[in-house]
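As written, the chain order gives the labels A, B, C and D, with residue 1 at the start of each chain.
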């Protein structure tokens, strides 16, 4: 029995990765997550310039998850070289990047390749610079342009991370595939807001935020299932994974691997170890020898 | 201090209504909910013909809510006259209807008016008969047509219930307003799926389902906030309300009233009484005299 | 909330009835039920006929879904939601008479085990009697009625109940079985001035008290019931008279 | 999880420091903190200086957000997330010496209350000493150091600690204060062969162990800390040397 899996060309010893934005800002934190049993770590989404993000409060707990509007704080691609050096020495690192346009995405991806990233993950879920309130990742044409530009700039695999805040995530997945993207990652956070009645105000400084955690799992599983019936490139599942059972939902929906974000808060880095053990136990009990045997079986 | 509120022309003694699909299939169940403290009850969505809905399993609990695919079981508009007679005698009833096209919506709304409904709520979230996988309510033009047709057929207020499975719920809200709709209701369930790894299968007979309960609250609050900044017609908030605090989030986001669905499972019909008490306590503590003073204040 | 249980034992109770045992770590009270499912069938409500750490359901094969359950074997996995429902309200010092009709014995078996109450098991024929051995082990006294007289009292369970109530003093009748039986039993309790608790059935979808499809008058059978007490039963206009079909239409009992 | 608390009391501790009291029904351990917020400020981490049913934070006004907290009055509502963090690991039979530097006394006050340990309070001047009366009530012995000698020992808290460790036998030093002080205190503990637990500060956003912005080496100050033991501290290359800014850039201590 083995937990190995592959997302296209990328081979992973274990199917769970750290999701972008979680413990992925510094080299030592990324190295720790890999040591804790993650198959790979996705970096915080990195942009061209250093960014402090939104002021606090930029995060809040709700009954079934978290709502955050960090505002993409990051040290910028230049300085991130130092962090990548430490992280890459520890294991596979997926470089997440966000840009204002296709050229910037391509430049950032190129740098991530130089830094030794195993693949690049395009964060297509940030509010578009040009159209207010609209996310980059809801427009198939825009997505295509970005993926084409990045594919032209790097040799490492290009993954596109999709937003669920759209009528049909499968259409966006198709656009990625047509543009030559190597994998799709689904889902990013859901558009959300938390209001404090006591304060008469939204609690996040940015007012709006993104919902993550157990609350979004069923939405993510559905997105992966939809994508599996539509695209042929590998899918990475993310959203609300807290244990092996959750991870298996994604795998059986069609994900070749999965990412864990919010669960790191309560479960700590050890959450990966526990998920890995749970996967092995399940595979033993139900007679599976490999992850690949389980991918997409719920579609049969 | 009073809990009275109004949604346009409709005056409600208490701001919480039973959401459509919950205890709204029979006359006695609707009467009981009003007796339990609901300000009004929205009927199960009723169609032209009797419908058994999807086979079981059509419902499942998850950690933070429920996923259901009931398949709109209902006795059909003809027989529903008997249920309405009992319900309308007990208090305000909002007639929810779904149709295959604008004409059917108009016919059903007319019947609901005949039966004594205080308003009609258009369920625009069912999968469209014509375009596979697409929901009626994600297309502003289609929504406009339906609302115009229904407005031409009835004198009671016409509410449109919106789906969150779209890039911009505000655009759909605008379409409703432009078509003369009297109020928008947000949100319906989120597209979701639950897979059983043990069974290698989606657990709902319809495979896909809709997510409701605490998991969707932050998504609904955000939708209502967005709508409040866009439309001038009243908004009814729904999604994950379990207590007064949740209800207040919707009110302060901009809802003139709110609906409760999933919370009836755990809280029972008494959930309305408890929410009403909680609202009064909060209003006492924080010095509000009426619901209207609180509507939309989080937007200031 | 674990939804899955591996089958650890299967007992044939009668030509058409099997008990399926599994370990399921949820707390349950006598009279509660679970929504049971495996792929290839509709999810259906099943009373828990054992409620310890090892639990069981006792399934009468009457149609497609129950037939699918009968095909399961040891080691297979069952999906269970619940336990749902109110269950029987058991008090010390109350003298109960338990009446189980047909497959209804499954629902009352945990009551017999917990209270040791006198018990009547009713069935159409000798062949249809189930769970007698188990009930016998726990009941203080136990009697059987069969419609054709092939075993025990010749007649129905209600007639036998009236007889036993002449002989002994009971405070409260606890019963599960066909609605016609329950209705006549309820009438008998009225006549005799006895309290009662009866477990009813209606078509269930959510099982959790939400969808409102299992209504009997304004009561949710899945959540306010399935066990109703005398006062609740007395307020019902539909008890013994009519039920809702899967569309929500009212249909009279045939 | 209630996130709101009404302010029930405010105490002025010094010209620039106030204690804000409120009833908050969350369980807390000594050394834990909360993320505190009202509109018009950034949400910031604050140690809990009382941890019973009535809790408090003790706020030194050093910038915009702490200034906003100083403007609050009794009856105002405070938003609190938490309690977060590991807290001090207090064992019976261990002889602790508690050292609080400046506003750091707020963090160790519940330790003094729980253990009655000997305590050193260090401050720049007499005017900067806070929470002395409360600490005095619980500590077995208590000493003060001021940098300018305006009260108590003339010198810093680390010098006073070395002195006291000559006079008495301690097993473990518990401390919170400026990182420079903590760093030298840690070095002193190494010299003297004492165990120690120190509460560190880094810029916090989520407070819940998720975002990774409060890292010191590979440790999350908000979740793995803020209190670290000697072994953890000994493995840190950034302790006393550098920290991350809000963009995640490494900056050396000035």
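The rule is short, and it goes like this: contacts are C-beta pairs under 8 Å (C-beta built on N, C-alpha and C of every residue); 3 or more make two chains touch, one makes a residue touch a chain.
Given the structure is predicted, the values throughout are model-derived calculations rather than measurements.
Colleague: Show me the overlap between the contact partners of subunit C and those of subunit D.
Modeller: In this structure, no chain contacts subunit D and also subunit C.
Colleague: With centres defined by CA atoms only, which chain is the most remote from subunit B?
Modeller: D
Colleague: Between subunit A and subunit D, what distance separates the C-alpha centroids? Give it in angstrom.
Modeller: About 36 Å separates the centre of subunit A from that of subunit D.
Colleague: Could you grab the centroid distance between subunit A and subunit C? Build each centroid from C-alpha atoms only and quote it in angstrom.
Modeller: 49
Colleague: Taking the mean of the CA coordinates per chain, how far is subunit A from subunit B in Å?
Modeller: 33
Colleague: Spell out, as numbers or ranges, the residues of subunit D touching 2 or more other chains.
Modeller: Not one residue in subunit D touches at least two other chains.
Colleague: Among the residues of subunit B, which ones contact at least 2 other chains?
Modeller: 63, 198, 201
Colleague: Which of line, ring, star, complete or other matches the graph of chains that touch?
Modeller: line
Colleague: Name the touching chain pairs, please: which are they?
Modeller: A-B, A-D, B-C
Colleague: Taking the complex as given, what residues does subunit A use to touch subunit B?
Modeller: Listed in rising order, the residues are 62-65, 67, 133-135, 138, 165-168, 190-195, 197-198, 200-202, 207-209, 211, 214-219, 221-222, 225, 245, 248-249, 251-253, 282, 286, 294, 297-298, 300.
Colleague: Give every residue of subunit D touching subunit A within the complex, in rising order.
Modeller: 1, 3-4, 35, 37-39, 42-44, 77, 79, 81, 204-213, 215, 217-218, 220, 223, 244-250
Colleague: Considering only the defined contacts, which subunit B positions touch subunit C in the complex?
Modeller: Interface residues on subunit B, with respect to subunit C: 21-26, 28-29, 31-32, 44, 50-53, 55-61, 63, 66, 68, 70, 73-76, 79, 82, 196, 198-199, 201, 203, 205, 261-262, 264-265, 268.
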